[in-house]
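Note that the chains are named A, B, C and D in the order they appear, and that numbering of residues resets to 1 at the start of each chain.
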Amino acid sequence: MSERILTCSAALAEALHEEMRRDESIFILGEDLVAHGGVFGQFKGIPEAFPGRIIDSPISETGIAGCGVGAAMTGMRPFIDFHFSDFLTCGMDELCNQAAKIRYMSGGQVKLPMVVWCPDGAGLRAAAQHSQSLEAWFVHTPGLKVVVPSEPADVKGLIKAAIWDDNPVMFFQHKKLFAKEGPVPEEEYVIELGRAAVKKEGRDVSLLCYGAAYYLCLEAASTLREDAIDAEIVDLRTLKPLDMDTVARSIRKTHRAVIVHEACLTGGFGAELAARIQDELFDELDAPVKRVGAKDVPIPFSPSMEDFVLPSVADVLEAARAVTYR
Amino acid sequence: MSSDKQTLLEIYRTMVTVRRFETMAGEYFAAGQIPGFIHLSIGQEGSSVGVCSCLRKDDYVVTTHRGHGHMIAKGADLKRMTAELFGKKTGYCKGKGGSMHIADFSIGILGANGVVAGGLPIITGAGLSIKLRKTDQVAVAFFGDGAANRGPVHEAMNMAAIWKLPVLFVCENNQYASTTPMHYACSAGDLYTRAAAYDMPGEKINGNDVLAVREATASAVARARAGEGPTFLENVTYRLKGHYEGDPQKYRTTEEIEIWRQKDPIEHFGRMLAQKKYLTKKHAAQIREAVQAELSEALAFAQNSPFPEPGDAMADLYSNP
Amino acid sequence: MSERILTCSAALAEALHEEMRRDESIFILGEDLVAHGGVFGQFKGIPEAFPGRIIDSPISETGIAGCGVGAAMTGMRPFIDFHFSDFLTCGMDELCNQAAKIRYMSGGQVKLPMVVWCPDGAGLRAAAQHSQSLEAWFVHTPGLKVVVPSEPADVKGLIKAAIWDDNPVMFFQHKKLFAKEGPVPEEEYVIELGRAAVKKEGRDVSLLCYGAAYYLCLEAASTLREDAIDAEIVDLRTLKPLDMDTVARSIRKTHRAVIVHEACLTGGFGAELAARIQDELFDELDAPVKRVGAKDVPIPFSPSMEDFVLPSVADVLEAARAVTYR
Amino acid sequence: MSSDKQTLLEIYRTMVTVRRFETMAGEYFAAGQIPGFIHLSIGQEGSSVGVCSCLRKDDYVVTTHRGHGHMIAKGADLKRMTAELFGKKTGYCKGKGGSMHIADFSIGILGANGVVAGGLPIITGAGLSIKLRKTDQVAVAFFGDGAANRGPVHEAMNMAAIWKLPVLFVCENNQYASTTPMHYACSAGDLYTRAAAYDMPGEKINGNDVLAVREATASAVARARAGEGPTFLENVTYRLKGHYEGDPQKYRTTEEIEIWRQKDPIEHFGRMLAQKKYLTKKHAAQIREAVQAELSEALAFAQNSPFPEPGDAMADLYSNP
């Protein structure tokens, strides 16, 4: 396959261009999208190419989320832009009590093909209300799917799967990764939801990660090599459905696991994954499953404190060493 | 909008059906055959039937925890409704939803809702969908006087207004939100005036006069289909039963209930039909009997239907896993 | 200490009577409280004893939660009644972005003494939007405390601690337990937040639970005795702060743990607890930590399906046997 | 409410302070010394200063992401504000909050808010608290034209209205919510009319006329203190800078900005004071210099202050753990 280098933003925009051209029922709804092509430039060219199909909303997250539900149930494929994932708090009822449950409550009468697209994550000195990683809430909500890509190629392939999925999909992209570049195939492709990717093979420890944490693991893995620790990196990509097979295969090989995410540690997705691993692979483990995540405080504003709170490469190294030297 | 004899008799019959359905539901709830809790709309048939009498099958409706009347008036199947209330596998939702979550997407009912005002942002989305798909459907949200105090109602109304969506916001002001009098929770005394904030027409209607409701709805529907945007209708009515079956109702007097019983929408309409000589006593009795027969059939269907298998609980969550 | 038998409702009401008499700054805000003394009779006598201090709100969960925040910051001790925990979705911003973060974001300038009281749980055939157990969301939100009592005596002691705590406390009471009876001391007492209770001593397996799940464990423990399995029951009581010491002490004795909660399994609190146990007590464990929770679907209406979805005594037995026969 | 020379000059000076503070913040943001992002209120000083000139120290205020002006007008310390913007340990929030979360509880500022409209339910709670504690404080919420479309605003207004709480809802309609023109998101064209839904007085005011704002605020405050309930003020104004520093502003023309520049609230008020012979050119220059000196001091304080230790991040979450 031939490839070129794209940013995560460009990968998203390209996927949207391709699919919106393909299907009239896809439209984008959110705040402040048209004038600047989205706050992160993620919808570049879409307002010009698809006038009327990218719609500016008033500041009404509840209404926006609900509109997605209503449109999805009546023949459209809404793509809901949530501006900042922190404001999911304003649409929780529509997402968790309505979108997630309506199909089930109706006995399967209806489909809800709906993407809830959320820029998330910290590191921009944006403080506590503009920096969260909230994916764990939605993993704990039956009826939703949850996707958190890291590399541009994943963004493109996974957003297509999300758009074509007939269920509500929470799709989180880290704000600091929008400008991240990476190779993206020229050809058409879709990455099925529920498939993790082994992005680096290794024998000594499995680094299980998603989203921005992937890059921490990448850096950690190269340092670990100097310690003669051969780390395998599994980028989970989708948290629900979860590709437990790939995780298990990796752990059966390495017998050691470190889970890394940016969300705060307590009650984060790492808890679920660690709980499953120790249950399903108890006899395979040579060491406890370690978790690396943000410290359990809101994200502070001042750079030194923010950096301290967020998980670092050093944290990953420490965890990996702890489980491998054991 | 025709108002010929047959149409009016049809409306009457539907009102009687709602009343009888609710009465039956109350009885079987009391007898322990309906699990959970149910909220009956007895006394509010003027609103539910009046509004839905103006709608097409492909128009959308979201309803509430007090939604049986809206369902029936929109044309729902009594058998599947009854079965759902009983928690049976043959119910609309295969027993997964119950009274508070009945839906029939085949007739445009996007669902009852256990979350007060939960349907309103959804109906705006349905309206947006209509506009994007360029059909001439309309989307109707029923909600209560209590629901009107929730923020999502306002977001939904504002969005429908600025995009001129084909939406009807039908507020059924039945004087109470659970134990809370409407006048306690709304200092303006009226709810329809809330529409003005969004430059949306708002109208207060005697919700116990089915023809008044029908008339107001018809013009709102016409505006909506013509692309002229949303309308707010405040149908003033009263729930003659408790908030839920079993409600001790300490918040109101029997005198008050009696006053409203005098304004019963079905009796009111029946008298009008009789005056017009459209309805004789005998015919009214025939209608009641026919309805009762239909309901008995529905009841038998529900009672004879199997419960879901326990494991059925695992189906119907995702369209594709 | 002398005791009498009270229901959970009565225990709550009694605590409120005592503390509202003690301190004028405590008031109760929520929907439909005055006419019937609360939907579950939980505020019996309060409207008469404290007129004007139990306030009926319009149906405005967002506003109610926000009022709690504003009142807590200006000298009051609001007790917010959330009607059904399912509607926490309508106050998520006020709870998770405001209440949980304001003190921190302000550099510790202010206290937020606020109880968010939520009836939760299933079993009443109330279907998907009136049956949830959502405590895990709040455990994953730094700045909140989370309490889930089981027995009447715990309700009384813990609600007092929650009322006097200077932080926002999420307090969940299971709807099916309101009528549950149990002994409650006559004397004044408070149960500190962050103290689990070993409610039954045992040597073979630790059943770690909270809320309604405590009663499942109680029943399971007596059946297990017939199998000659001596189960210890640890009622966690507060999930944040978590009494990891008591948990660890139990596991160091039994070397086996089963976590039981009513919330759906994936991403539930059991995940966090299992992850911590396997990490901190790896060498103590003779078997994987097992989790018992509801199946990962919304709560269905029809009785047979609801019962199937909810965790049962049989599930606890199966898990306990799995870890002890290992 | 006095409007003597000294009071008016005080108001003028405060407006100049806000303007200069914002200008300085913009410069140091551009120079990379202020982390994150900031939203300046240049052009809106008539509203912030006019409103706060009527408040006591013990009155409450919630402000927004565009809150520097409200803070300063309410009497905040410039040093601690500047230090907070710079992320310093000596800042109001010890560097934990930054521009979007500055608070000073000692002067009743319950906080800026990164969530649009996030402060409104909170201010109603503060109003309820005042009523329960039986003081004569008032509680004031600032929010934007964009914020007015969020549901929580309506819940907060309705609750304040039915309980007759001493609250002022001050909507600063600066014509835009980020890239979105007010007229796109509000079909009625006015926002103050939204108050009528709750039987709350609402008034539209030239927000660039500080005395008009002051007058309207004074009567609203008097009503509030007298127990007569909340008021809605729509202060029509304009933000002369971008939504945030760095905003490409494709959504408006430079001509439009120029028109509003002509209506600059500070120049407008300065001319009025000059006409009254309260302010000479020389005095105005003195004021600017004095303000500048104060700001230089604040700046030096901020720049010379230490950053927090990384580990300070772990403090201040719980009052008692």
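Keep in mind that, in the parts below, a residue touches a chain if its C-beta (ideal position, glycine included) is under 8 Å from a C-beta of that chain, and two chains touch if they have at least 3 such contacts.
None of these values were measured; they are calculated from a predicted model.
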Partner chains shared by subunit A and subunit B (touch criterion as defined above): C, D
Length of the shortest touching-chain route, subunit A through to subunit C: 1
Chain separated most widely from subunit A, comparing mean CA positions: B
Whole-Å separation of chain centres (CA-atom averages), subunit B against subunit C: 36
CA centroid of subunit C to CA centroid of subunit D, Å: 40
Intercentroid distance (Cα basis), subunit D paired with subunit B, Å: 45
Per-residue overlap in subunit B, given as positions that touch at least 2 other chains: 93, 95-97, 101, 113-115, 118, 149-152, 155, 158, 162, 184-186, 317
Multi-chain contact residues (two or more partners), subunit A: 58, 60, 62-63, 86-87, 89-90, 93, 97, 104-105, 127-129, 142-143, 297-298, 300-301
Category of the chain touch graph - line, ring, star, complete, other: complete
Subunit C residues within the subunit D interface of the complex: 25, 27, 29, 52-53, 55, 57-58, 60, 62-76, 78, 93-94, 97-98, 102-113, 142-143, 145, 165-167, 241
Touching residues on subunit C, where the partner in the complex is subunit B: 31-32, 34-36, 56, 58-63, 86-87, 89-90, 124-130, 295, 297-298, 300-309
Residue ranges of subunit C touching subunit A (in the complex, touch as defined): 86-90, 92-93, 96-97, 100-101, 104-105, 127-129, 136-137, 139-140, 142-143, 240, 263-264, 266-272, 274-275, 278-280, 282, 287-291, 296-298, 300
Residue numbers on subunit B that touch subunit C, as the complex places them: 35-37, 87-89, 93, 95-98, 100-101, 113-118, 146-147, 149-151, 177-180, 184-186, 248, 250-251, 307-314, 317
Interfacial residue positions of subunit B with respect to subunit D in the complex: 149-155, 158, 161-162, 184-189, 193-194, 196-200
